[in-house]
Amino acid sequence: MVLQLKKEYTERKRRSQNLAFWLFRLMSMLVVGILFVILGFIIIKGFSVISWGFLTKMPTEGMTSGGIFPAIIGTLCLIVGSMIFSFPVGVLSGIYINEYLRNGYTVRFIRMMTNNLAGIPSIVFGLFGMSLFVNTMGFGDSLLAGSLTLGLLTLPVVIRTTEEALLAVDDSFRQGSYALGASKLYTVRKVVLPIAYPNIITGLILSIGRVSGETAPILFTVAAYFLPKLPTSIFDQAMALPYHLYVLATSGTDITKSRPMAYGTALVLVLLVLVLNLAANALRRYFSKRVKMN
Amino acid sequence: MNHLETELSKLKQELFEMWELVLSQVRTAREAILNFDKGAASEILFKEKMVDVYELRLDRDCEYIIALYNPVATDLRLTLAVLKINTNLERIADFAKGIAKYVAKSPADSINPDLLTATSLGDLLQNVYTMLADAKKAFEMENSRKAVSIFAKDDFLDEMHKRSTTIIANYMHLHPDEFEESLNVHSMIRKIERMGDHTSNIAEEIVFYLEAKVLKHSGKNKTKGIPPKS
Amino acid sequence: MTKIETKDVNLFYGEYQALKNISLSMEENSVTALIGPSGCGKSTYLRLFNRMNDLIEHVKITGEVLIDNEDIYRKGINVDELRIKAGMVFQKPNPFPKSIFENVAYGLRVNGYNDKSMIEETVVKSLKQAALWDEVSDKLNKSAFELSGGQQQRLCIARALANSPSIVLMDEPASALDPLSTAKIEELIHELKKNYTIIIVTHNMQQASRVSDRTAFFYLGELIEYDLTVNIFTSPKKTQTENYVTGRFG
């Protein structure tokens, strides 16, 4: 009798295991599927528009033909600009929080504030950026204002990944360094940071993705509707890919004509992020190797 | 050589020093009795103290090695063997002292050479000396066959000891004025027989150390199972 | 000659008292073992001598900790210099993610030495002292992580020796290693004690008996007994000590 029950139980267990397995499999396939669908959609619809001219020429005829060169340049400038601000500030803050502050109220407070900052909607950032950089500080709609705003946006991400990267460095390395008479600064510079670099670069990667795609913060701070010339100073306005996409898809002079260009822009945007990510990953791997060897 | 090996090597060195000392005691005892040399006898009595010192030192050193290093296998057997050989050596030296004491304290200046010849006292002591020296060589060269060869010589001593009672009794008939000497010599032969036994014990310990084979109480089958020297 | 001494030292982690009135002195060029069950304070005690306890919060220390007759906790002491004098080897080997050469040179560079030939000379000397030179002389530029556990630990020893300390503090240096590596490290300690004063924390009593001249038995933050190692292991004076070394408790 007992044996019979055991058999049934084993059978039921096997069936439920199988069911769960297939459910998980289905879900992950779904995810991959969605990714492919989106990419495929964009590639198919936008591929026809891509050409060397598209990439390097200015938009013409009310943006129904020509290229998106200024938008590409604008986005690149914004990426670099926001990095210049968020990276040093973020990494150094992360180092200060994790290495210099002893665990206490201050640290917890800072962490809480950082998390809150990360949760603020991006359009609010845009508004703030307009208010502070564009108006109060008088930069006007400019690459400077846009970069600063985007920099603020990604700051929490950089701080958090830096902190995680530093936390991941085993304490035994620090102890070993202190025991040899090294100061905290020396230890951080020569032992902790080299180990943490690869993971700090992760922060960079995440930021790139975020910055290139954000539309709301650049709406009021830098983005130009139609500016068929390249920015020459940081105080200039500029076009940007995400905004340009929005414009082409919704309010251009002739929507049906500019629709294919919208898809083309989307494709370029996706490819741009992809390429930058690959570059950052290569950088990460380079640092990983150096960690063992310097 | 690691630290334990160094300590064991020092232990062996110390044992060999004691061994040499005891060998010299036995040799001098033979001279003392054969030549009735009171000077030699008092030398033996004096050196006996050094033997005791060695015994205590070796006991302590073996204890330390076991406590501090937890020796195992060969190292353990070596330490245990040294501990036991040490005790046997002390007993042998003690018997030599007994002989020397008789010579030193005796009011006489000599002993009748006939008595010595009849009992082969000189040969007996020589036999013990050889056994002890062979044992030392066996230990030094880690040669268990050599150790085993000692048992045969001990048989000789046992045999002579058995016969000595008759020999002495006969001698006493012929030399009724030498009762005391005769009895003393008889007691000496007993001592020598005991020295032989202790030397046999030492040989057993050497075999135990080298072969991990216990020969104690195994009667006459002592040579069984000893592999040839490898 | 007394090299290291503590007088009535008490140590508190916040409310918790980890060391109670420890008075102990150690001779120069000797090996002292600290034994006792987990949590008895032996590692805490060890870390007094290079002030690594300073890195922990809410630590309070009373009493005197003397090295060469100087209280190392009085105001004005340069902790970094102290740590050059008293080097430390940790339980789990912790070489830096750098080359073998740079690991050993680290301490020298930290303290401002950058004369190339002097650094090279010191690195070679330290590796020889740590009995590692023969195994790494042809791959000084390889990553330290390519070494085995036992080799890494000897590398950490070389690294500590490069600073020419007079004291070497070892916190269970062999507990993460296999028996063969452990034996190598123990032989190393025998050599090193000719030139350094060594304190070794170990939970392995047989290790304490094999390598040390004197042994201190700690229990729940107190020093129960401190004597020549032979005495602790042949005829300890306190019952508690005897119970511990015979394995009847702890």
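Here the chain labels run A, B and C in written order, and each chain numbers its own residues starting at 1.
As a working rule, a contact is a pair of C-beta atoms (placed from the backbone, for glycine too) under 8 Å apart; a residue touches a chain by one contact, two chains touch by 3 or more.
A quick note: this is a predicted structure, and the numbers were derived from the prediction, not measured.
Enquirer: Have a look at which chains touch which and call the overall pattern line, ring, star, complete or other.
Expert: Contact pattern: an open line, chains touching in sequence.
Enquirer: Nearest chain to the global Cα centroid?
Expert: Per-chain C-alpha centroids compared to the overall one single out C.
Enquirer: Roughly how many whole angstrom separate the Cα centroids of subunit A and subunit C?
Expert: For subunit A versus subunit C, the centre distance works out to 47 Å.
Enquirer: Using mean C-alpha positions as chain centres, tell me how far subunit A is from subunit B in Å, no decimals.
Expert: 92
Enquirer: Touching at least two other chains at once: which residues of subunit A meet that condition?
Expert: Counting only residues that touch two or more other chains, subunit A contributes none.
Enquirer: In their shared complex, at which residues does subunit A touch subunit C?
Expert: 102-103, 170, 172-173, 175-183, 186, 190-191, 194-195, 291-294
Enquirer: So in the complex, which bits of subunit C are touching subunit A?
Expert: 50, 52, 55, 57, 80-84, 87-88, 90, 92, 94-99, 102, 106-107, 110-111, 143, 145, 156, 159-160, 163
Enquirer: Looking at the complex, which residues from subunit B come into contact with subunit C?
Expert: Counting only subunit B, the residues touching subunit C are 2-4, 63-64, 67-70.
Enquirer: Please output the residues of subunit C touching subunit B within their complex, sorted ascending.
Expert: Answer in residue numbers: 183, 186-187, 190, 206, 209-210, 229-230, 233-234.
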